Structures are given as C-alpha cells and as structure tokens.
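In what comes next, chain A is part of two complexes: it sits with chain B in the first one and with chain C in the second one.
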Partner chain A sequence: MRKAWNWRFSVQKDILWYLPITILIIFLFIAPVSIMLSNSLHAFNYARPSEIGTYIGVQNYSQALHSEAFFRSIKRLLSFFLITLTAETILAIFLAHILKGIENSRPLLSILLIPTISAPVVVGLLGRFMLNTSFGIIPYVIGLVFGEQITILSEPNLAFIALVIVEIWHWTPLLTLIFYSGLIVLPMDPYDAAKVDGASSWNVFWYITLPMMMPIIVAGVVIRGIDLLKIFDEILVMTGGGPGDATELLNFFIYKLAFRSWNVGQASAIGVLLIGTMLPLTYILFKIIGGGRGN
Partner chain B sequence: MCYFKDFRRYVIILLVLVVVFSLYGIVFSTSLEPEAQKMLDAFHENSAVSEFYDQVKAAYDGTTINAIGWTGPQSEGLRNFLPVFTELTGIEVNYETFQFDLVVEKVKMDAVAKAGNYDLEEIPYQDLGWFVENGYLLPFKDFMENDKLRSPILNEDDIIWASWNASSWYDGVCYGHPSVTCTMYLWYRKDLFEDPTEKTNFYVKYGYELAPPKTWKQFREIGEFFTREQGETLAGKVLQRKVYGTAIQGGRNDALTCEWLQYTWSFGGGIFEGGITKKENLIVNSPENVAALDFYKSLLEFSPPGTLEYSYEGPTTAFQQELVVGLCVEWNDQAFGLEDPKNSAVVGKMGYGPVPMEVDLTTQGLSGVSHYGGWTQSISNNSKNPEAAYLFSQWIISPIVQTILAQKKAIAPVRNSTYSVPEVANFPPLAATGPAMADTHYRPRIPEWAEMEEEMRVALSRCLIGELSSQEALDWLYSRYMEILK
Partner chain C sequence: MNTYRHNRLNLLKRIMKYSIIGMLVLIILLPYAWLLLDSFKERIDRFAIPPKIFFPPTLNNYLYAFVDGGFFQNMINSLIIALCSTAISLVFGVPAAYAMSVKKSRLGTIILFITIMTRIVPELAIVVPLYNYFNILGLFGKHLGIILAHVLYNIAFVVLLMKNFFEQIPKEINDSGLIDGCTPLNSFLRLSLPLAAPGLAATAIFCIVMSWDEFVYSFILSSESTKTLPVAIPTLITLFGAKWGQATAVSVATMIPVIILAFIIQRALIKGLTSGAVKG
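Entry: the complex of A and B
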C-alpha cells in the first residue's frame, strides 16, 4: 500500500515537474507548427478570397518545389551560411587567442561586444546608411582612395558581400566570447609539456589548442549556424532583397510570400519544409557535440 | 548631516521644476497653434457648418479613433491640424504614419487578423480590389446618405472625379475618399533650358530648340546633353563635380514599378489589353513594353551612380543638390521638396510639364498620359467607430482643410476648386497637376496585384542590374503572371 502510494506520489511529482515545460513546448512550438501545417494544406491566398480555407492537399508544396525563385533563395542562403560561418569561426578563434594573450582583457572584450548587443534592425540601418552610394561614408572613402566612385548596394555581388561583412561584424564578437571562455579554462599541462619539448607556436595551436577546443568550437558553430539560417532583419532594412534578387535569402522569400504577396498557404508549406529539414540537421549536430564532448 | 540636508533641498527643487514644467506643457498644449486656430475660425465662419459640428460634438464627444497613413508631406501637414478636428467634433485621433511597405503590411495584417486596431486606413488605391474582394472595407454609401453625418460643405461634385474614381470606386460602389491627387509629370530645370549658352549649344548639337521634350527621343537627348564631367561648364559656370541629365527610381521597391508603368503607358504598352484584367488579355511582354523597358534602362547612362538605390525621394534629393540638372518624370508631391528653401538649391528654377510621348501628337491636341498614384481613405469593417472615422475622412477632404494644406504646400488637393486658390494656382508643382490629371492611367486594382507588383519589382530590378535583358525579364514576368492569375 505504502509502495503504491509512493509510486503514485512520484508520478504526480514528475508530472508537475514537467508540466510547465510541456505547456511551453505546446504553445511555442507544437501549436504554431500545427497551424502552419494546416495552413499549408489549404488554400490561403488572399488574392483569391473565394478559395480561402479550401483543402488542396499538397498543392502548395508542389508549387513551392516547382518555384525557381524558391531554389534560388535556398542556394543564396547556403552560400551565405557557408561563407559567413567559416569567416566568423576563423576570425573568432584568432580574436580569442589575441584576447587570451592580453592581461586584463575584460575591458577590451566589453568594447568588442558592442556590435553584438545592437539590434539586428539597427545594424541593418547602419549598413544601409554607411553603404549608400549617395551619402554613405564607405563609398565616399573608397572613392577618395581609388579615385573612382563605387556602388555597393546597387551591384548584386557587392551587395551580397556587404551583407556577409555586416553579419560578420555583428556576430563575430559573440563567437569570440564563446571561444575565449573555452580557451581560458583549458588545462595548462599539455602546454607546459609542449614548451619543454620546444614545440613552435603553430604546432601548439594546431596539435594542442585546437583539439582541446573542438567541443566548444562545435557548440559555437552550431549556435551561429542556426542563427545564420534565420537571417531576416538585416536584409529587410539594408537591401530589401535586392538589387534584383541578389540578397533574397530563404527567410526573406518566405516573408515576401506571406506578407507582401499574401500567399500564406504557400509560405506555410515552405516553412514546414524548412522545419522538416532543420530538425534532423539539428539532431545530428547535437549528436556530434555529444560525441565531441565524450572525446 | 549637512550634506543630507543639501541633497533634500535639491530634490525638492527638482520636483518643483518638474511639476511646473508639466503644468506649463498641459496648459499651453491645450490651446491651438495660431495656424490651427485660423483653420478653426474658418469652420466657424459658416453658421451651417458650425451648427453641424456642434451636433456632431454632442453625439461623438469623447470618442477616440485610430488612423493610419503614409509618411509624406500630406500626413505631416495634416498632423499639425488634428487638434482642430478634435476641437470641432470632440473626437480624439491617434494618427500613425509609416513608410509605404510598412503601412500596407500593417493595414493588411490588421484586416486579416480582424483586429480592428485602425478605424480610418489609408491604403494605396491599387490594393482596393484586395481589400474589397476579401470584405475588409465598409462601403461609404450609408455614411454619405446619413444627414447627421453629412457636412453642409461636402459638395461631392467638387472632388476630382478621376482621383475619386480610381482610388475609391470599385464595381460601382464607393469605399472611400481620395487622400491625395498624386500624378506623374515632367520635371525640368527651366532656368537652364532658358539659358542662352545652353540653348545655343543644344541647337548646334541636336538641330532643334532646347525646350521641354514632347517625345522620348528628345527626353533622352536632353538627358545626354546635361550629363557633364567635372571641369566642364554649365550655364557659364565651371562644374566642381560631375552632374547628370536625369535620374530613375531604380531601387527594388514600389517607386520602380510605378515609374516604369508610366514609361510603359507612354509607349502604348500596359499590363492588360484594353484594361480588361483577364489572363488572356495579358500584354506585359508586348513589344511596346519591351521598348519602354529598353528605353528606361538606357537612361542609366545619364543617371547618378546611386540611382539603382533610389526610392521616391531619390530624384528629389538629386535635384535639390543639383546632382541632376536636366529632367526626369516624377511625382507631383515629390516636387514640393524642390521648392523648399530650407533644403533645395533649385527653388524657383524648376519647370513642370506633360509627360513626353513616343510620337509628337501635340499638334492633334494630345499630350502624354500620366500615372495616377493616390491613396484611399477607407474604413475598416472591424472599426469600432466607423461613423467617427467617416467624419474624420470627410473633414480631411473638406474645402477648408484642403485649401489650407495646399496653401502650406503639404498636399496635392483632391478638390477642383482648391486649384483655383491663388497660392495654389501660383505654386508650380500644383499648377501642373490639373493638366496632368486630364489623361491618367492607373494600376490594375485586382486582388492579385500585390503579388504581381512584387514580381514586377524583381523582374525590373534584375533587368536594370544587367542580369536579364528587357525581353527576358518581361517574358519571365509574363510566365509568373500566368501562374498568379486564375
């Protein structure tokens, strides 16, 4: 009897313990995704009011998968993701090393973090004003140095590169902070042994520091990687997806479809496809982190 | 102890100052600014109008409405006079304004969500079909026929019909009032066109008199003529920097599609054959449209480097700063900035005229078509105070408000009579509006237009940056439109 009561009490305690997080997950994830899934299976194009709410099966998915613009936006997003993440990671490792070598580097770290604490919209606006051909400081200085006026936001490749650079400027300090935190708690024994053996700085970095830092590097890369796939604010404010569709990455494409063209059904279908792709990817990445930690 | 006593004294002084300044703000903010008082007095001069607003105040005093509009000279001008409306009717107005895309997004989201956050909404007229077909707007018929809501000076016959029809009438039903009478026409540097040296040089080079162009060929040649390098002369002065003959609104935004449509119509092209908005009537990739886009793109050669980032205000700023010294085709309300002595170096130097044509037909009494671009003051079907919203809209288009705002150069008025007021008739950007409204085209107002316009931005932008030829861009647009339309 006592055993049964203990068991029941234990189960009730577990339910109470997990209830808040379960409710949160339902409201923040399951419910919105379910609504999005439902929308994706119905006609929700406000340009065709008489059809709104009609069940159309996978027609929205079919239209999305036959859309050239959709695949172009994915291709651009992947390019943006790979270039930005690689550059940020390398730069952050480099900066973390420099900071570690400076005594009392906290004030410097605080200054370095200023871009990261700025809102993405503010960063986008800064980018737009500084890169504007007519009155931006950057084209003006480039014009003075090279004697020829440059248009950055009007050229598709330059606009894309500008977006990459703005993103790197915005978020590299965060990655630097993560790597620095990992760097300063590394054990000193391997370094002492390497010093005794007369290893060069590069060998110390490549064979000791990097392997020991790998779990924290992977964690940082995953965090930034997920963020990069969500980029939107800077594009909206800085380039509006242009020139042409050079900076129309996937999230901006979905926004345009949902809130400019008001084809909510098709936008929902793409959203579901995106979540369906991201979930297993995130699972795999966290498995890798778990594996890395074990090593 | 002494320090604490001093500190307490400072806190008391600070509190007293805060209270005094707050009271000052409250007292002085309740009295109207002189110009607003003048407007209020104008309403009270007419006893019938005064009586009407007394009745309105008795019925609606204490009501609050939310209005949303587009940030521009008209909204900023109107904001200064909102206390007059409140004083007349007792209705408080919370007036929000945003840039173009954001207004549209907010109003549409409010409509779809049935939130009813806004009572009076300014919507771009080309979205009228989207709102009406989805059932998001209240027809104005009941309001207009309600004697208790009808101002004695409403006088619908005085409203510019082309503006009202395009902005507010859909399938024979009225859904609003026109907010402004925006139209495109030719801007040109009149002083340079009249300069003897420039006239002589132009005649030598092109073989005809320098004058506002009647054809697009002349337009291009004038643009070329006024594009000069640093060190060359302009009207006898040596240029300290390069200047350009024209500018286009080439950024990927609504301004681009509006501007290109103006060129398209002028070349005899369009979106739908005969204006019949059916799939089988699509002519977006017609030879005329391709020719218009080719011509439009060719103007990049004589436009400043930042022209592919320009939105509505781009050419205005370029002219104000004399970066562009020739001509362009632009909006009438954007021309107000050119005559603003605080910001413009070309006050009194600009001329405004009809849009050029492909072929000169002026001898047949014809002139170029203009692009109508007004907004609609409409009432959301989720409005909690639709009658109060209607009263606000009616007040905005009243002769008194339209005249005063036009005199302040804050609006392109929606009433015919306002254009006869001396200050308005003598203000060049407004004087040229009437003739421009004689023959206007407007964008399709079908529900699909929002998506079609988005695709048009992409197609035009990709063409202007050289990614696609004019034919490729318009063929792509045609294929997209065939998917979008039923």
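Entry: the complex of A and C
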C-alpha cells in the first residue's frame, strides 16, 4: 500500500501533478478553440438561421480575406502597434535610466503602479471624460492656448491619435517598471572600468547599459506587444470604434462581426487566422521564459 | 575652476532629472485627481466653464450609483468572481508549477507551452466560441461561467509566477524531505508550499487584481444580474447621453481597492507584472 502511494505521487510519474491543469486546459482552451475551428468551416450567421450548420469549407476564410473592412482594421492595428510600441519603449528606457539615478525610488514605483493596475475600461473612460467637448479639461486648455475650440473624438485622425496617446499614458509606466527592474540588477564592473577609462555618460549608456539591457528590452517589448495586439476595452469606452470606423482595430472588428452582425462563422475564421499568426509569438515568449531551472 | 564647472554641470543635471520626474508624476496623477474631484461635483459644477477646482462637494454621485442604482450588486459580483476564480486558478495551477520547477519533463514543457498560448491568444478570439459553448453548457450569464473564463485568463500567470517562486527554493530542501521518507506529495505540502507561501499570497493578490480589472469575458458572458464593475461603467455612457456623475463615482470605486492592494504588496505586484521579463 505504502509503495503504491509512493509510486502514484512520485514526481517521476508526473502525470498526476499535471492532471488538474490538463483538465482545465482541455475544458477551457482546447474545447473552445476546437469549436472555433469547426464554426469557421460552417455557415454560422444568426442573421440567416436556416443555413446555420451547413459545411461550407473555407468560404468564411475567403470572405474575410476579401473584406476591405477587415484589412483596414488590420492596417490600423499595425500602425497603432508600431507607433505605440516604439514610443513606449523609447520613453520607458529613458525613464528607467533616470529612475535608476534617484536615491529613494520606492514612492515613485508606487505611482508608476497606479496606471498599470487601472482597469482599461477606467482609463478609456478617463480619456473620454478629459477629451469631452462640452466640459473636458484638455479641449478647454487647447482652446485657451490656441483660441480655437476643437472636437477631438469626432475627428477621425485626432481620435486615433488620442487613442495612441491614452495607450502610451496607460502602459509606459509598466514598461518602465520592467526595464527598471532589469537595470538595477546589472553588474557594476563594466561601469567601474568605464569610469577608470573616463568614458562620457552618453557612451556609457550607448555601449554598456543598452547592450546589457537588451535581453530585458526584448522581453518587455514582446510582453507589451502581445497585450497591445489585444486592445479592445479602451476603444469600446473611449470612441466606440468611431468616428465612422477610424478607431476600429482588429479586435473591435471581430467584436462587431460576432456580436453585432452575428456572423459567428466569419468571426471564427478571423480568430483562427489570428491564433495562427500569434503562434510564433508564443514560441518567442516560451523561449524567454523557459530558460529557468525547471525547463 | 574645473571642479567648479563640474559641480555646476552636476547641479544642472540634478535639476533636470528631478524636473523630469516631477513632470512624470504630474502627468500620471493629474487625470486621476481630476476624476476624483469630479466624482464629488454636482452636474452644474461639472459643466461650468472655466472648469471649477473649488466647489461645494457632494456625495450624491456615490449615493445614486451605489444606493439607488444597482452598482453595489456589481461590486459584489466583482468580488465573488475575483475570489473564486483566484482560488480555482491556484488549485489547478500550483501543482503544475511545482512539478515544472522540480523536474524537466516533456509533458511539463508541452503544458508550459500551451499555458503560455492561453496568455497570448486575444480574449476576443476565444470569447466568440466560448459564448456558444457556455450557452450549450448553461453557464452563460452565470457567475460560474465568468469565474471559469477568469480562470483561463489567470492560469498562465499562476503557473509562471509560482514556477518562479518554487525555483527560488533550494533544491536540497525538497531532496532532504524525500530522503527522510516524505512522499513527494508530503514534501510538496510540508516543505515547498510553506516556503513559497509569500509567493503564493502575492500570486493570489495579483490574480484578484487581474480578475477585478478584466473586461472582455465579463462583458460578453454576463447577464444583467452578473455584471462586474468594469462592465457596468460603459452602460452609463450611451449614444443617448452619459451619466457622468455616476460613471466617475463607479470608476473611483473600481480603482480604490486595487490601489490599496497594490500599495500593500508593491514589490510582489511588480514581480507579477514583470513576470517572464525578469528572472529571480
């Protein structure tokens, strides 16, 4: 009996340790993904109930790939992604560097945490509220400075820029925290050597700090990039995708397709394509994380 | 002369450094301060031009939202969902994290890969089939449905964080337990888990914060009676007009608990948020 007990819970027979999470993953992840895969190959549009369930091959995919709105939402997401990620990364490297030179950084870290733990919905509301034409503080200040009243959220380009700025405001602090926590554990020896050699502070930053920080920069950018590609909540609250479809990024497009046009089949097809594109990202993150003792 | 110039340059640098930090703090905090201020304003003060900083404060927005309006129920929903989903995520995720930290195995690697995948796939892609799936299972609009969706949302964080915490425990402790005749289960429960307790607490609080803030799953999978706080906020701002007073009050109420938690476990939370990026 004792032996059996030992065998069953031995780490060598590690199946038991992984059993709970395996059940969970099958029930909550594999099952919905399989359903999505199957839905993507069938007609599934609540607007045409009689056709639901008919096998139609890759028709959902080809329809999605021929939809101009779909490509517009991807193009918008990509430009949003590139602008925001670049700005956030440069700002965060700069801020982390400054933060390192501060003696008592603890209160500052707390302040950086506040946007990071704010619900995206609250931040979206904050954006909408501060940019509101009738009482928002930002249009008011702009009005004072330029003597001209502007409506930001009803102007397609301005609404897009506003969304970019809100996103940068919301998430640069997190990236700063990531870079800062990598910066403070860097070894001191190269800095001492540089000091002896009389290197300028710019050279020290460019030739010592930046290369040593590279792994953490890559990790931070990957993590931030993944979350950026998911952006939805802020858009829903701040602009509702508008004006027109100016701030309709990919996720919002899927939402409209599935829950407003009720074309679940096509939304599933796009979901499958999206998961396919994100597989390489999974591999990169897996490589970054998987370097520990266990794996 | 040279040192004098050097000192002046240093002073200038210091001034620049602190003014940048000061600006950063202002840029981060001012919008929140404005939101907080506005949540105490009557309608007439909110729409005043120029904007008012001094006004007779009122608690009416909070009273309307939480006493008359149904937002107290939303808060209870948020609490139930956050606590239950965190507990379930821990129960299902911690054993796997422990096994991964003890021994490298093919199964563990596969599980880790899929777990990371659950973190990467956009919630909006998964929620489309989840909506049908939960409808069939009768979980749509129920607390349990949202709780399970939040478990999916949090499980990757549990595994990654706890794996990290377990890896920091010296391997010898675990081995000594096994040599002294502990079963692996006992060695896990009596040695590793107590040693990782601070990590476990930090992971739990991290999950609670994530679940409290989560939007997509709660938004799509909830019915009128199971809406969480973040889902309730957009309902106040519609095409036909916005109840700004209540919206600001509910936003403040959504923020305060997580801010308090964040200040209690600042270090652990930073660790959670930077998990994957920073080792150790």
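Operating definition for what follows: the second predicted complex is superposed on the first by the 268 of 295 C-alpha atoms of A that agree within 3 Å, B and C clash if a C-alpha of one lies under 4 Å from a C-alpha of the other, contacts with A are read in each partner's own complex, and residues count from 1 in each chain.
Note that a residue touches a chain if its C-beta (ideal position, glycine included) is under 8 Å from a C-beta of that chain, and two chains touch if they have at least 3 such contacts.
No experiment lies behind these values; they were computed from the predicted model shown.
Touch criterion not met for A:P280: it reaches neither chain B nor chain C. With both structures placed on the common chain, the touch criterion links A:Q149 to chain B but leaves chain C unconnected. After overlaying the two complexes on the shared chain, residue contacts for A:P187 are found with neither chain B nor chain C. Put chain B and chain C next to each other and count what each touches on chain A; the higher total goes to C. Of the two partner chains, neither chain B nor chain C is touched by A:G198.
In the superposition on chain A, A:I254 makes contact with chain C only, while chain B stays out of contact range. Of the two partner chains, chain B is the only one touched by A:P243; chain C is not.
Once chain A of one complex is fitted onto chain A of the other, the partner contacts of A:S134 extend to both chain B and chain C.
Under the contact criterion defined above, the residues of chain A that touch both chain B in one complex and chain C in the other are 134, 259.
Residues 101, 105, 108-109, 112, 130, 133-135, 250-253, 304-309, 314, 317-318, 323, 446-448, 450-451, 454, 457-458, 461-462, 464-465, 467, 483-484, 486 of chain B are the ones that touch chain A when the two sit in their complex. Within the complex formed with chain A, the chain C residues making contact are 17, 20-21, 24-25, 27-29, 31-32, 34-35, 38, 46-51, 91-93, 95-96, 98-105, 107-109, 111-126, 128-133, 148-149, 151-152, 155, 159-160, 163-164, 166-167, 171, 183-185, 209, 212-216, 220, 229-231, 233-234, 237, 244, 247-248, 251, 254-255, 258-259, 261-263, 266, 269-270, 273-274, 276-280.
If you check the complex, the residues on chain A that touch chain C are 5-6, 9-12, 14-15, 17-18, 20-25, 28-29, 31-33, 35-36, 39, 95, 98-99, 101-102, 106, 108-122, 125-126, 128-130, 134-135, 137, 140, 169, 173-174, 177-178, 181-182, 185, 216, 219-220, 223, 226, 229-230, 232-233, 236-237, 251, 254-255, 258-259, 264, 267-268, 270-271, 274-275, 278-279, 281-282, 285-286, 288-295.
Listing the residues of chain A that touch chain B in their complex gives 46-49, 63, 69, 132-134, 149, 151, 153-156, 239-246, 248, 256, 259-263.
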